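Attaching a single structure in C-alpha cells format; questions to follow.
Naming follows writing order (A, B, C and D), and every chain is counted from residue 1.
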C-alpha cells in the first residue's frame, strides 16, 4: 500500500562528488514489495520547491524499518535534500511503482545488471535480493568520471563488478556497452536502469534476451493520476502508452518505445 | 552601515507560548547604533516565504558579537524561523532604521517604557542602556494573557516592572493605560513600542510629555526604497509622510498621524 | 446539522471541497489512498469525443511555488469514460462533475449530451479554457460571444446543470463570465491555468515539449482570488473557485472572495491527502473564526 | 572585450542587468550598499507631473513566491525628480531610464518632454501598465489603439528613445506590442505586474488597503517568459525583460526567450545585493554554457 510517511533521517553522507546516501526510517519500509520501486520525496515543507522528487529505493532493511536512497544533489530540490540533517523529518510518499522482478531469474542462473549514474542505486537492492536467492550477478556500472563513482565496494561484495567511466578516470574507459561487448550474452536475464540513450543501447545489444528496464520521466502526482509521466509503447503492445510512475518504472524489454 | 550577514544561530529557546528568543552571532552586531533598531530576516533560502521579516533587536552584546531577538512564531515565516536550530545560518540584513534616543533622558531622571506584546523586546536593550547611564526606568508591559508573558524577570532586574494582561491571568488586569493612570506623569521621558491602538492611547494620555514611539508597517525592502511602509505625518510636520523602515521605526511623539 | 454542506445547481455537496479536473484522473489512484465518499464532489479529467493520447513529454515543469503542465487532454474518450471510469465511481457516495472538452461545438455538444446522462454525473464543467490544445479550447474561452453560443448549445442538450470553466488569460474576465451567464450557464468554475513557459538554461529550449504550458499551484492564487472576487460581483450564478489552494486557510480566502465551493488541483501532487485533510480541518477553522456554517463565509469580502 | 555589454537604442549597457522601476527608488538607498556604477542601467521610480502620496497602507502583501504591491506611484513629482533625484545620480557612470506615468496623455507628454532633457536620462520607460492607480495607467496598456496614440505623442516630444512597458493583464500581448511598435516605440519593457488580491482569512478583507495589487516575484516568471517569447517573435524592437528574476539562471532564461537585457525588481527586497551578484556571476555562467558574448544568448529559443 502507498503511504505518506514522515520518515526520520538517520544517516546522511556524501558518497561521491554531489552524490549523497541518505538512510531513512519509518513504517513506509514495511510496504516495499520489490527492488526498483521508488519514493516521491517532498524535500521541504514550503511551497518552493513545490513538487516531490522521485528517487529510487537503493536498499532496504525491513527488520530495522530502514531504507537507503542515493541521489545526486544537482537541482534545487535535491540540493535542499542534501542539507537535511540527522534527526530531521522528510515527507515521503511510497513505495511507488512496480520494481524489478526477482523471480524472473532462477537460482544458479546468471543475471547482468547494467546501471548508469543515478540509475545505479536501485540495482543494489536488486543485486542483494538476487544473490541472496543464489543468482550469480554481474554488474556493469557506468559513470561520467572517477569522482562520481559510488558503491563500487558494495557491489563487489555481491559479485563481479565492472566500473566504466566516460573519461576513463576509473575502470574501463567508455560506455557500459564497451564492457557488455566483452561479457558476451551467456546469461539468463538482464536488468538495467539509467539514462534513455543507455537503455536504448542496452536493449539493442541484448535484442532477443529477457530483460527489464527502468525508466525516468518528469512526474506530477507519482501515483498514476495526472498523465505527466507517460511513455509511448511499441507497436503490438496493447496500450498506446504506459505511465512510468504506476505501470513502471520497470518494464520488460520491448514494451516502451525508446 | 547596513550589511547583509549570514549570522549563526547560537541559541534558540521558547520564552513563552509561541514566543522564541534567538541569539545570533555575526559582524552585523558591530554596526548597531541604538536600541530599537531592527533587522530584516530571510527565514529560509527558498523563495517561499519570499519576503524578509522585520524583527527588533532585543539585546546586544557587542564584545561577544552577539545579539538577541524575541519573536512570536505566528505566521509562515516566523514559524520557519522558530524551527532553525543552533548551528544553522540565517540571512540577516541590518541594522535598520533609527532607534530610541537614549540621550533624551539624563542621568537621574525617570523614563517610562511602555511595551505591548511583541513590542516589548526592543525596550529591553533600551532599558539596559538607560539604566546603565543612571536613568531610572519604570516598565509597563502589556500582554494578552499569562502564557505569553516573557522577560518579566529580566526587566525586574533593571527597574520597577508592571505586567498587565488583558484577561488578568497575570499582573494587573486590563491595558497598559490601566497602570499608567496610577503611575502619574512624574517622569522625564516615555518610550513605547506596541500595536497602533496602544501607541495611540499612550500618546493621548501623555499628551504634552516628551516621548518616542516605535511603529510597525508591512515592509518590502526595509531600507527606504520601495515606499511600502509609509505613515502619514501630522499636520505641521515638514514631510507629508515618513518611512517606518528608514525614517523610523522610532519617531518623536506627535510626528506620525495615528 | 452539517456545518460544511453547500447546495449548488445539481450538486448537494457534503462539503465544498473537490479535486480539480485533470489532477485526480478518474479517481482510481486516490481511491487507493482514501475513501472518495469523503469528498464534496469529484471533477474528473477532461473527456473528449475520441480518445486522445495527449502531448509529447516532458509534460510538466516545476516553477516557483507552481508548475506548468501540457498534458494535452489525454483521456480514453467518451465511450471509455462511460464504459469504464464512471461506473467504477458509482460505488462512492459522491457527485461527479464531468469536465467536457472539444475542438469544435459539435464535439462539446455530443460529449455533453451523452455524459450528462450517466447516473452519477450531476453537473458538467465546460472546459473552454484549456491552454494546451492547438485549436478550440482556449479560443472558446477568450471571446465572449463564442463562449456564450457554446454555452447555449451545450445547455440545450445537457441533462444536468452546466458550469463553465473560465480562462484567466483574458483582459476582462467579467465579460466572459457575463456572456456565459447570458448563455444559460448554471455556474462558473475558475480559474484554469495561466499560460506560461520555462526554458532550459543549458539548451535554451522550452522544458515542456509543447513549448508553453498551463501554470497552476500556489503561485497563481492571488490572480485567482482577484478574478473570483471580480466575477462574483459581476454575475448572479455561483462560482466554484480554484487556483493554488494548498491549505485550509486558502479555502477560507476563496469563499470570502465569493466562491461557493472550491476545487484543489496541483496540491494533490504535493500532498495526496490534501482534500480529506482540509475537510477534517474545516470545522475547527470555522470555530476559530466564530462562524457556525461555512456558507456564512461566501462573499464575505463584498459585504465589508 | 566586455563579454556582457549590450547596445540598445539610447543605452550602451556595460551589462544587461538593471533594477526595475519602483523597486529601487531613485537609487539612494542601494547606493549606500554598493557602487551604482556597476549596474547596466537604473530604472527609476515612476515619475508623474505632480507629486503623489500614493495609496493607503498596507501597500504590500506576501504571496507564494511573490508579493502584491499597491504603492500607488508615490513620487516627489517631476520637479522634485529633476531638482533632487536625477542630479544626485549624475555622480555614477550609469544610464538612467526614467519611468513616466500619468493619468492622461497630456501628463505623459509633459513629463516625457521635461525628463528626457535631463543629462543622465538616456531613455524613457512609458508606464502604460500600472495596475494600482484608479484611472489612466493600465487602460493605456490594454487597448492597442490607445497605446499606439500615446506612444506617438510621447515620441514626438522625447529627446531620448522611448521604451513602452507592457501590462501582462491582456488576452493578447502581441497586439499591444505591435501597436506600440507602430506608434514608434524604440523598445519594449515587460512585464509589469499581474493584478492579484489577497484576503485576510480572519476578517475576509483585502490585506492591501487598495483592494487589489500587482503581483511580482518568482511566481510570475513563467508568465513573463512566455510573453517575452511571444512578443520577441512579433516585433522587431528590442525587449528589456523582467518578472521574477531572482538569480543568474533566470537572466539566461529571459535572454534565451528573446529579451536583450533584463530588469530585477522584487528580488532586490529579498537580496539587496542581487544585481551586483548576478553581474559578478554572469561571466562564469557564460563559460559554463560555452558562450563567448552574452548577446549570443538573445532569442536562442527561437533558433531551435
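Here, a contact is a pair of C-beta atoms (placed from the backbone, for glycine too) under 8 Å apart; a residue touches a chain by one contact, two chains touch by 3 or more.
Source: prediction; values computed, not measured.
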Going only between touching chains, how few steps reach subunit D from subunit C?
1
Tell me, please, which chain's centre (mean of its C-alpha atoms) is farthest from the centre of subunit D?
A
Contact tally winner between A-D and B-D is B-D
Averaging C-alpha coordinates per chain, one finds the centres of subunit A and subunit B separated by a number of Å equal to 53
How big is the gap, in whole Å, between where the Cα atoms of subunit B centre and where those of subunit C centre?
46
Distance-wise, how many Å sit between the C-alpha centres of subunit B and subunit D, to the nearest whole number?
36
If you look at subunit C, which of its residues touch at least two other chains?
63-66, 217-218, 246
Residues of subunit B that touch at least two other chains are 47-49
If each chain is a node and each touching pair an edge, is that a line, ring, star, complete or other?
complete
So, in the complex, the side of subunit C touching subunit B is made of residues 64-65, 218
Can you list the residues on subunit C that touch subunit D in the complex?
63-66, 68, 142, 169-171, 194-199, 201-206, 212-213, 215, 217-223, 225-226, 229, 244, 246, 249, 252-253, 256-257, 289, 297, 300-301, 304
Provide the residue numbers of subunit B that touch subunit C in the complex, in ascending order.
47-48
Considering only the defined contacts, which subunit B positions touch subunit A in the complex?
44, 46-49, 80
Please give the residue numbers of subunit B that touch subunit D in the complex, ascending.
1-2, 4, 42, 47-52, 77, 91, 93, 217-232, 240-241, 246
